[in-house]
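There are two complexes below, and they share chain A, which is joined by chain B in the first and by chain C in the second.
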Partner chain A sequence: MTKKKLTLVMMDAPFENARTVTGLRLIDAAVRRGHDVTVFAYEGAVALTFARQAPHANAVHGRDAAQEDHPLPKDWIASLMEDAPRHGGRLEWINCGLCVDERGVGEAIPGAKRGSPADLWKAAEASDNTLVIGTR
Partner chain B sequence: MESYLLFESQEPLECAQVPRHYALAAGLKKEGNRVTLFLVQNGVAAARRSLRSDALSQLIDAGVEVLADDFSLRERGMSALRLTAGVKVATIAEALDQFAEGRKALWL
Partner chain C sequence: MKTLQIVTAAYRCNIEEQDDPVLWISQAMKAGGADLHLLLEGQAVDYAAKGQEASGLSFGGKKQTQPPRIEDDLKRLVATGAQVFALDEDVAARGLERADLIEGIKGVSRADLARLFAGYNQIWRW
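Right after this comes the complex of A and B.
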């Protein structure tokens, strides 16, 4: 398949819904195909790239943080960003700035940008296709 | 003719809107479009062969392609052998390819 420009829009906050995992799986599949992917995160999804997400221990099960190996969305996204160029594509991640400010999650991982709905419009205009994964 | 890719992440017992989503798929097909319903997350639960399988069987009989995400099936311990006839097991990459080819994509 030829290289495409794809935009995905994500809304769910981290650690809450399987839609986040499915969205990231779609992004992973797109990255592996070498497509250029833009993600516009808004509402709770802007916390997906929050740099201060931290693994924790599980006292109930008697496991420390390393044993618990708690998955963090910021690490998955960083890995996808790192992986994209190896497959000949790129992953651009844009967080809605107003949503970031509301939630105080401005400290994002490297590569995650701050933007506005205008950036979503531009990305969708430039893309071959756009999928909105809204909260239900 | 347009081509549609509909993502269904819920099942009828979980959300009363799901039958309407199926009706949307049926309606789009009836209008002469190419339609794929991609069942993902809890959406795959509806694909289990049961007394309530009729809704998906009717879609399949009408010509809607019904795909069930392999990862979601594995998560729920669902065997492909016990799915409603006509439901195909697919990977998320197959859904991505349909999306990338330009199908109108809706997350229901």
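Right after this comes the complex of A and C.
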């Protein structure tokens, strides 16, 4: 399979919409095939890589924090970033800097960069295609 | 105070939350003594179906070990005395039969909604 360069734009905040997991599934499928993926996180999606996301116990489920094993988007993204080179590709994650400032979520996981719409445009120009997963 | 919680939007953030937030908060309030009941309509009537399975997700080396178990959440609500209704027309529109639904879920037709609503002090539409 020919290696591709793909850009994805994500907009939804964590823990809000199924589009987030769908986007991550698409990224997962691309990195497993060794493609190079750039994600530009815009608006609420900049919180996906916020380093201070924390798991919790869940009394409704009757589970303590360890049993609940609550998934955190930041861990999923870190795992995808780690996984990409194993398949010969890379996952670059760029957060819209102004969106980060608005939301006070500047403390991002290692590997998540701060950028601007210019970085999105540059990534799209260098890509075979761009998929926008917009908020609805 | 007796309330009816209307659930319309479904499958929104269930994977991340490992549940549906409206069903979750309903269970939490119920555990605190709330007299609440549910009406599933639109896409949310699918929550009433038996045999839901949402396991198997993994990203890189990170596997989800506790996927959402909506069926169990609804069964727990029924077991704690909540009446759970599913809108007949929306159930039928999705090709679901009565036998496909979790035991304890009651059907209600659109024509009977006003009568149903009249039995509650507050209606919360999520």
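Throughout what follows, the second predicted complex is superposed on the first by the 135 of 136 C-alpha atoms of A that agree within 3 Å, B and C clash if a C-alpha of one lies under 4 Å from a C-alpha of the other, contacts with A are read in each partner's own complex, and residues count from 1 in each chain.
FYI, contacts are C-beta pairs under 8 Å (C-beta built on N, C-alpha and C of every residue); 3 or more make two chains touch, one makes a residue touch a chain.
This one's a predicted model, so the numbers in the text were calculated from it and none came from an experiment.
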item: Superposed partners chain B and chain C on chain A - clash or fit; value: fit
item: Contacts of A:128 with chain B and chain C, given as first, second, both or neither; value: first
item: First, second, both or neither for A:18, with chain B first and chain C second; value: both
item: Partner chain(s) touched by A:83 [first = chain B, second = chain C, both, neither]; value: second
item: Chain B versus chain C as contact partner of A:73, first or second or both or neither; value: second
item: First (chain B), second (chain C), both or neither touched by A:65; value: neither
item: Once both complexes are placed on the shared chain, angle at chain A toward chain B and chain C, C-alpha, multiple of 10 degrees; value: 60
item: First (chain B), second (chain C), both or neither touched by A:54; value: neither
item: Partner, of chain C and chain B, that touches more residues belonging to chain A; value: C
item: Per-pair minimum CA distance [chain C against chain B, superposed on A] in Å; value: 5
item: Shared chain A surface residues [contacts with chain B and with chain C]; value: 18, 28
item: Chain A-touching residues of chain C, taken from the complex the two chains share; value: 11-19, 24, 27-28, 31, 57, 59-62, 64-66, 73
item: Touching residues (chain side chain A, partner chain B) in the complex; value: 1, 4, 6, 18-19, 22, 25-26, 28-30, 32-33, 35, 128-134, 136
item: Complex contacts: residues of chain B adjacent to chain A; value: 7, 9-10, 15, 40-42, 71, 91-93, 95-97, 99-103, 105, 107
item: Touching residues on chain A, where the partner in the complex is chain C; value: 14-18, 20-21, 24, 28, 31, 58-61, 63, 67-71, 73, 75-77, 79-83
